[in-house]
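Alright, structures below, take your time with them.
First subunit A sits with subunit B, and in the next complex the same chain sits with subunit C.
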Partner chain A sequence: MAKIQLEGLHKSYDGVKILNNISLTVEEGEFMALLGTSGSGKTTILHAIAGTNELDDGIIKINNQEITNIPVNKRHVVLVDQNLLLFPHMTVKANIGFGLRMQKVERSLIKKKAEELIDLLALKGHENKYPHQLSGGQMQRVAIARALATEPYVLLLDEPFSKLDISLRNSMQKLVSNLQKKLGMTTILVTHDKDEALSMADRVAILSHGKIIQVGEPYDVYEHPKSIVVSRYFGDRNYFDGSMLDGKFTCSHGVFLVDSSKEGLLTMIIRPEEITISLNRKGVLVTIESTFYKGDVYTYVGKKNNNDIFFYGREQERYKVGDEIWLNIPFKQGVLVERSKHEKNI
Partner chain B sequence: MKNNIIKISQPYLMVMPALILIVGIFVGGIFLGFIQSFGYFPLIGLDELTFKYYIEVLTSPTFLKSLGFSLYISFAQAFLSSVLGIFLAIGIVTTIKKDSIINGIYKIPIMIPHTVVALLVFIQLTQSGWLARLLFNFHIIKDMSSFPALVFDQMGIGVVFAYVFKGLPFITLIVIDIVREGYNKYVKVASNLGANKWQVLRHIIFPLTLPSALSGFIILFAYSFGSFEIPYLLGSSTPKALPVEAYIQYNSIDLLDRPKAMVINMIIAFGAFILVSIYQKLYSSLKVKMPGGAL
Partner chain C sequence: MKLLKKSYVYFAIGIILFFLLTMILWSLINQWPWPNLWPKQFDLRGLKFAFGSMKSYRILLSSIGLSGFVTVLTLLICYPAARALAFYDFKGKKLISFLFLLPLIVPMITVVLGIHINFIKLGLANNITGVVLVHLLPGIPYGVRLMETSFRQIGQSIELQAQVLGAKRWQVFWYITLPLLFPGIIMAGTMIYIISFSQYFITFLIGGGKVMTFSLFIFPFIESGDRTLASALSLLFISSIYLVLVFSNLLVSYYSKNVNSN
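Coming up: the complex of A and B.
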């Protein structure tokens, strides 16, 4: 277990800033998820911690000791890549024991450790197989066992489940989550899957264009995004541009009392699941423009003043395109953020 | 029934023109050599099958020396080419960018004919060659004759050198993509798991290249075991490599030596056959172990 600190990390490729003053602390035994779109810099952070990528500037510390210039093989930080990269010429057992062999650990101890991990990751019966003889899930477990064998200070997971089908992904997520809790290993997961980040991590850091734009517990970042950019990571949401004055939010749908002391031009974020269909013909009248069936709910897009409003309906609340319905939009519960300079909202 | 026969024989008939060449020249030649090795050579009045020539050749000290010399040359050059070829591939991958023109230079010796290579080695390594002159001009040797005999020598240094000149880039060519893939994919993982540079070579790069390098080793061994030009042009007068010995016997004024030449040729062919079988067995067993991996 180890505490990891990133201080002012900078990295550019061909003049393009990939990391722009990244600072983050991951506590001992904590599970941190780095969430962001492709190119946001999350993988670069992992490689910087692992030592496989040189930084332009910044300091990385493990347990308050700087490791920025320590060679990759002496950092005690293991990275599980999305491509897994099991050694093709080694059996499962040899792959798992590789790190310990490199540390010149006694053979009997390597054998014992490999057997423990084979049991823990349900790989019994596959220990003498080669990687090409394994299924995707088995390869995944071997890659994780190989990483865990060396008992690293920090475990880095770079989108390790992205190439698995949904059911296998879910079971691997649970397995890794349970293992992490059981072993108490400080873990950093890079993902662009919000569900994965929210369900697995103790805290989530959201990255955009090489910067961390919000860090917090999954509930906090999901419920209380600090900006529209953060909010957009969590899928379709409604953004109402308006202004706040004396606790009142004024937008194209009316004036609403809001429990906030903020003032000025702001955007109110309301999640689709917070909007309900009004049966007593009160609220905002919209025309259904499109519907999407998503298994558990129907997603509707309603049109009002040429703007889209996303909301959900259940089986008993089925509507057709062109239907007119009333919506209860809970402006009182919305999250107020600064208006985006680049985007025009409702 | 008739249609069936036509249908089955059709592909064979279609490849027949090409097959006639292969069957006629290669298999026919082997067959003629084979029966001549058993003393059947009606042209000079030998028309009885006998083991006599095999016994004569296999008990001849000259033959045994030649066999030993051929095995030694083949092994030495294939081993040196394989080891140095892997190291050259590692050197190129780790120090030179993939799109650099230097990447192609190492392939040049592959395109040079063996006879030209023999000539180049002759120019460089004889006692009056470039190397001897260079050492003499730098006063490293007192006179040119004190330069060691590296060509026409009993150790076959010139012969081995010429083969390595051709074989080393060949091995580099067949392992370089595996080395590159090894470095691109697995070296970072291995380092991340605690391996130092030497451990990366020992546990990742060498094992990954081994199957291909071994295949290359067998090809080089088999080729030089049956190859004539280089040991003929650069080898010592004694011992001679097997193909040279066979050529001399074949060209002998006494036509009665012809069956002995064929015995030697049959032994060379048998050796090549054994090596090809080992190669195939090795290749298929490694392919089962590492499909798409290091092969």
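Coming up: the complex of A and C.
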């Protein structure tokens, strides 16, 4: 268990900046998720911490001690790769015990530790099997057991569940989440799956183009994104361009009183689940352009002045494409962010 | 399609068997004058000479020793080259990769004639050191290519994973790289061995007849037309190579069964 600090990490490949001044502190026992699209630099951060790639600049500290120049095998940081990388020529037991064996730990202790982890990760009966004889979920658990066996300061997970089918993924997420809490192990998870990040982590750091653009608790980053880029990670949302002056937000749908002291040209973000369908013909009139059935809700896309508005509906209020309905859009509760330079919104 | 495939296989086996059986037949003959369709007289002279005399075994053993040594040396040379070609990017990689194939493209005779002059100057002609050095050449393309493919199959990330788990460099090599590369090494080694074992001309030229290998031993009999002795010795030659193949197959299957279980 350890506290981990990243200070001003920089890394370029072929002139392209992969990491641009990354600074982040993960507290002892904390579960941090790095959320970002592919190419955002999240995996590079993990490899920098593990020592499997070199940084151009920056300092990494574990428990206030710099580890930037410590070789990979002495960092006590274990990475679980998305490809798992189990040793194909070793049994489950040998795989789990590998790290301890390399440290020349006594055989009886290795055996004890391996048995403990085999129990903990429900691998009983598979100890003597080879990786190719295991199912996807079992291989996953072996990879995690192997990582935990060395009792690392920090556990790094690089999209470990991305190759599992959805039900297995959910159960593995729960397992790892519980295990992390039980062992109190400082953990950094890299993922592009927002649900995974939100449900598992204590805090989420959102990355874009090699920069951390927001760090916060899951609720915070979901409900109060600081920019449109962050907001877009969390699915279809509505973005209204407008301007703020004296606590009033003016957009193409009218002027609204808002509890904010911000001023200037801004964008208001309103999540689809905040919009309700108005039965008393008040609010904003839209024409339904398309509908998507998602099991728990219907997602509608309404058209207004050639712009899309996303909202949800329950089954008893089913609407068809072409229907005109009124929507209550709670402009007073929206989140105000800087306007994006690249895109125009409603 | 299946029938066609099968008939190809039978055709290939047929051709091999035809020549092998002819050789076996020749090794058992005393006289087979033209135009007889079947040999006139059989005897065991050839087999006795090849399989029953100490001389042929002695030469066979020294030849096995030479080729075995050459194989180990070639593998040691090819290992870092194959690893570099599989894992690292560097300037001129394509050119170097191509250069490794040159011994296959440029006829050995032309190269070795040039080498010979220099070996004389360096005092490497007419002795075993020179022969070992020149035997390294034809095996290198196979060694590099076969091991490079094995390295690519293993990938570098599994070595990194071992390091992340706390393994030192030699431990990574010993516990991960070597066992995973083992089948590839055996495959490459077998190939290199057979190539070295079969060299005639370069051994003759550089060794100056002073370094005796089995190929060199057989050649005069073929040249002088004593087909019986030549065939009998060739049988011994083939048997020894066959044993090497069996041994290497055994090693690989032993590996996948036992070394695996650690």
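As a working rule, the second predicted complex is superposed on the first by the 346 of 346 C-alpha atoms of A that agree within 3 Å, B and C clash if a C-alpha of one lies under 4 Å from a C-alpha of the other, contacts with A are read in each partner's own complex, and residues count from 1 in each chain.
Methods note: contacts are C-beta pairs under 8 Å (C-beta built on N, C-alpha and C of every residue); 3 or more make two chains touch, one makes a residue touch a chain.
Quantities reported herein were computed from a predicted structural model and do not represent experimental measurements.
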item	value
Subunit C versus subunit B on the shared subunit A, clash or fit after superposition	clash
Touched partner set for A:L183, first subunit B, second subunit C, both or neither	neither
First, second, both or neither for A:F98, with subunit B first and subunit C second	both
Partner chain in contact with A:I277 - subunit B first, subunit C second, else both or neither	neither
Partner chain in contact with A:N73 - subunit B first, subunit C second, else both or neither	both
Touching partner for A:L168 - first (subunit B), second (subunit C), both, neither	neither
Partner chain in contact with A:V297 - subunit B first, subunit C second, else both or neither	neither
Subunit B versus subunit C as contact partner of A:H132, first or second or both or neither	first
Set intersection of subunit A contacts, subunit C complex versus subunit B complex	50-52, 71-74, 76-79, 81, 83, 85, 87-89, 98-99, 101-103, 130, 146-147, 150
Of all residues in subunit A, those that touch subunit B in their complex	50-52, 71-74, 76-79, 81, 83, 85, 87-89, 98-99, 101-103, 130, 132, 146-147, 150
Subunit B residues touching subunit A - in the complex, by the definition given at the top	185-186, 188-196, 199, 203-204, 207-208, 289-294
In the complex, subunit A residues that touch subunit C	50-52, 71-79, 81, 83, 85, 87-91, 94, 98-99, 101-103, 128, 130, 146-147, 150
Residue ranges of subunit C touching subunit A (in the complex, touch as defined)	157-158, 160-168, 171, 175-176, 179-180, 259-262
